[in-house]
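Here is the structure we will look at, set down as structure tokens.
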Amino acid sequence: MSNSIGEVEGNEVLFVIGSNATEAHPIIGNKMKRAVKNGSKLIVIDPRRTELAEMATLWLPVNSGTDAALINGLMHIIVKEGWHDKEFIETRCTGFENVLEVIEQYPPEVVARITGISEEILYETAKLYTSTKKAGIFYTLGITEHTTGTANVMNLANLAMLTGHLGIENAGINPLRGQNNVQGACDMGALPNTFPGYQNLSEVKNIALFEEFWNVKLNPNNGLRIPEMLDEALKGNVKAMYVMGEDPVLTDPDANHVKKSLENLDFLVVQDLFLTETAKFADVILPATCYAEKDGTFTNTERRVQRVKKAVEAPGECRLDWKILSEIATKLGAKGFDYKNSEDIFNEIRLTTPSYRGITYKRIGKVGIQWPCPTEEHPGTPYLHKGTFPRGKGLMIPVEYEAPAELVCEEYPILLSTGRMLYHYNIMTRHSKKLDDIRPYELAEMNPVDAEKLGVKEEDFVRVISRRGSILTRITITDKVKPGMMFMTFHYKESPVNELTNSAYDPITKTAEYKISAVRVEKVEKVEKELELAK
Amino acid sequence: MKNITLTIDGQQVIVPEDYTIIQAAEKLNIEIPALCYDPNLEIAAACRLCIVEIEGSHKLQTSCSTKVKEGMVVYTESEKVVMVRKELLQLLLDSHPNDCLTCQKAGECLLQKYAYRYEIKFKDHQGAKRPKLIDTSSPYILKDNSKCILCGKCVRTCNQVGERQVLSFAERGYDTRIVLDADQTFATSKCVSCNRCVAVCPVGALIDKRQLGKTRVWDADRKTINCKVCAYGCEFEVLSKNKKNIAIRAKSPSNGRPLCLKGRLTTELMNLDNPDTPYRKIGGKFVESSWAKTLGLSDIMEKIEDVEKSKKSD
Amino acid sequence: MITFIMNGKKVEVKEDISILEAARENGVDIPTLCYDRELSIFGGCRLCIVEVEGSKKLVASCSAKVREGMVVYTESERVVKVRRDILDLLLSNHPMDCLTCEKSGECKLQDYAYRYGVREGSFKGERKNYAIDSLNPVIERDQSKCILCGKCVRVCSEIQVTSAIAFTNRGFNSKVTTGFDKPIDYKNCRMCGQCITACPTGALINKQLKGIRPWEVKKVRTTCPFCGTGCNFDLNVKDGKVVGVTPNPDSPVNGKSLCVKGRYHTDFINSPDRITKPLIKKDGEFVESSWEEAIRLVVKSLKDVKEQYGGDAIAGLSSARCTNEDNFVFQKMMRVALGTNNVDHCART
């Protein structure tokens, strides 16, 4: 997030696109709802009628995967009406002309046709967003989980730069990050192309720097991203994998492809709390500790580094993750893994990661510190890009609309979208009996029109079939989804939705198009028999 | 000493042969409820709450008084045991006032703890309840007979100190009660207000009056300290609220530590932000007094003043 | 700034704050049942009344603002007498159930009864008698213990902004309930449990913490392991086990708020499904092994692949659920010990 969670309630306009915050980020969702209750205006762009959509000043139920066209259309209107921030563009951005050239091609009538949103509403939306400086964009995986994910994000940046909604309080571009420490894992360089602190492998000086830190010769080539790892495993080029606390079989697209890749490995080690679907493919499983059993830090979506504190001993022979890794690294002959405790590691993080340099366990204290925090005197940074961007001037890169990789057709007439829901979080919460008792099984959302056509009732079983697989699930009938659309979560291994999803990727981030796959739905006559077969 | 192997609730444990079942269970972290049992006192086996089922034995046995035997198989929470415990607790509650709302002991009361554990509640009934005989004569201890469950811990702990031995049982059957000397009050008896009885009472029958109304256990921060008056170093807890030390609490007088009034008052004076006035017992009455007099320091302080004065004049 | 006299002492406070807030700032504890700093003012319980010189009536300090030169008494004889009467009335229509009530130890009604020495309700007559609603897995609702302070209603509408519950009926029959008086479940409620935190009595209980007395737990503040919001809360630990979660008001992001996952997830920590020993697959079956053997096998296998095919034939998935420290060591292990940059995590899912 460029800005802070605490600023949400100060936004006069909330521009929420592809984010079901009240379910996926409930506490942030509450703050948005409270802002609306106290008079802020809310724009919600989402094909589903989410809880926020119900409260919205303007709800834009766009056709799935047409976000780029929509944003271009909004920019077209803004420039045409002269609502853009000329001074901000002049002094802080470059590339405006290029963008101008592209958005010229997106007049309201064209955009309305692509997105399914009327010209009038497009106009209203553009007007509302530019009516105040205190207008923040909030997005989640509804923007990124498309083959055009990166382009979508760049286009939101274009929109914010065009209108000068950056570098000030109660505004900005705010991705709500999905996982507790996804921000931290990226900061720590658990990525194939950067060292800790986003110090890119492509720059020779960074490699030299880390070779000096770690006193070892480093591999200068970018590594593989998850989908590439799996593809290469299937091809036989990747022979061994080490998986810590992830379950790609359940969470990655096209599960059958993932399973085949893992089966093809010579050696797989999984370090986890439970016997996950992925762990079933392992040669060795190492029992790890959960957050309540370890000391350390998480970094949240607003870049706030906070403490994790050990409350209880781990059960049985479970060991701390970093201890297991350090022992293996040492036995592999590496030096520099003789850490005494988590604080010891954090001190090395500070040394190697400029934005964490000023943060210490002691300073984190009760409220945490938001990076960048370069020195121990620095108070941390609640919002980014004040006065300048890291690269100097903000670069505006034009984005063209491209249709999703898979479209509905006669054989697969229903558009399936996937995501999270309130009562579960990925896969771990299924092991909490309390939470599982509230929502013990998948309830795929289906519009009453489609349900009637199919002849199914609430909580009936259906079979959902895509080009890649077929699964059983119960349904709930609701007009939260449009006719011709379905929504499922990926929490249930009994209804593993990722056997259906499309592994078509965004070319840059390799994020899959979880939000769109074409499926067909069949009524299930003999449920018991089918369930038996599924076992 | 020989070691004995026995099985409690399906788990094997090896203990010395002089252990009782309740001690062996403790080694397995199995908590058998007990009201009259205290490892520092002689065994009374009166409350019967610690009964357990032993394979091969018809009757339920009190685990506080039954020694371990080789190969013994014990169940501490069997259906039968739990049923009897529930009945025992219900009987106790039936003649106990429903006063947890304001009872000083709430939060550290064993009767409350076990009633909660076994889900027993007060019930309305027409029968008799223990009469409300409250001894308010002392500024240090409040004795409420209506809350007494006759576990006898107070009597036993009082009798452990040779020159005290003030408390005893009186009368029989439903009229049984705990008395001081020959049915005297705190004021008129030879009680020295050492608070040993208060520290061991499992319910709200004996209360430290200087803590009364100030805070209950959940409301205060607690810090354990040792008394500095004599070599025994009895343990006390300093109770604080909003960063102010408001009361002192004597901990159970284990390990031969005797507890005494002088130690407690000195600890109060040293630690509390705003200690209450001290009292001395004079002629069968508690009388407000100065700290110097109560702690027996008057002579010493006079002497100190004299010495300092004479030094200055030199 | 405003100067006024409270309990005989001169006090200086900001303008436009209530007498209650002024008192709390100055360490004077005025009892309240329906007041919460984060919620709108209700003025319903009347327990916070104080005496103001020149005013005939007692004043509810939560809703009365400070005025220059006013003279306030927070514990005068008259005030205390009225507070006792209010408590007496509340207790007269409240079950005498502290012995086994789950709220005992953090119940405001119990604490104030103790503070003002009100041992029981003296008004005999009809009492509320509602069935307990315990059909859902996490919240137990006993309306017989409800004192109608309305905090749950306000927290649900003002903080959670869901408005799942509201007051219904009038007078003696007033009660707080869901639409159409249905049992609480995920269809009419988001199950966040913020009402449980707000409730001053035993009317709303976290079922997960049943059987655990608040004074028996140790609290350890930590950060939630679910979404990227980064809420903080206190893990409640008893006998070396995590038994539940209570909010920690100092949390920078969420304050006292929690969602359904943050509040109730902890039983996964003690799940019997946890793997507690290293497992090695032998002939298609997982067999328990020692750490030594497992690590030896991992090291040997990785070494073999590295020597035969090079480090880039090994790939590692780190975790967005693990700590920064774990992730740092993971990528360092991949880069330094295995000589590959094939490290990634599910930032994209």
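Letters A, B and C mark the chains as written, and numbering starts fresh at 1 in each.
By our rule, a residue touches a chain if its C-beta (ideal position, glycine included) is under 8 Å from a C-beta of that chain, and two chains touch if they have at least 3 such contacts.
Bear in mind that the values here come from a model prediction, so they are computed numbers and not experimental data.
Student: For which pair of chains is the number of C-beta contacts greatest?
Tutor: Ranked by C-beta contact count, first place goes to A-C.
Student: Determine, using the mean of C-alpha atoms as each chain's centre, which chain is farthest from chain C.
Tutor: Of all chains, B has its centre farthest from that of chain C.
Student: On a C-alpha centroid basis, what's the spacing between chain A and chain C, in Å?
Tutor: The answer is 28 Å.
Student: Between chain B and chain C, what is the separation of their C-alpha centroids in Å?
Tutor: Taking the mean C-alpha position of each chain, the two centres sit 34 Å apart.
Student: Report, in whole Å, the distance between the mean C-alpha point of chain A and the mean C-alpha point of chain B.
Tutor: Centre-to-centre distance between chain A and chain B: 59 Å.
Student: How about chain C: which of its residues touch chain B in the complex?
Tutor: Touch residues, chain C against chain B: 27, 29, 91, 96-100, 104-106, 110-111, 113-115, 117-120, 211, 213-215, 239.
Student: Sort out for me which residues of chain B touch chain C in the complex.
Tutor: 29, 93, 98-102, 106-107, 112-113, 115-117, 119-122, 213, 216-219, 242
Student: Where on chain C is chain A touching in the complex?
Tutor: 136-138, 158-161, 186, 190-192, 207-208, 220-232, 235, 237, 240-242, 250, 252-254, 257-261, 264-271, 273-281, 286, 291, 294-295, 297-299, 301-303, 305, 309, 311-349
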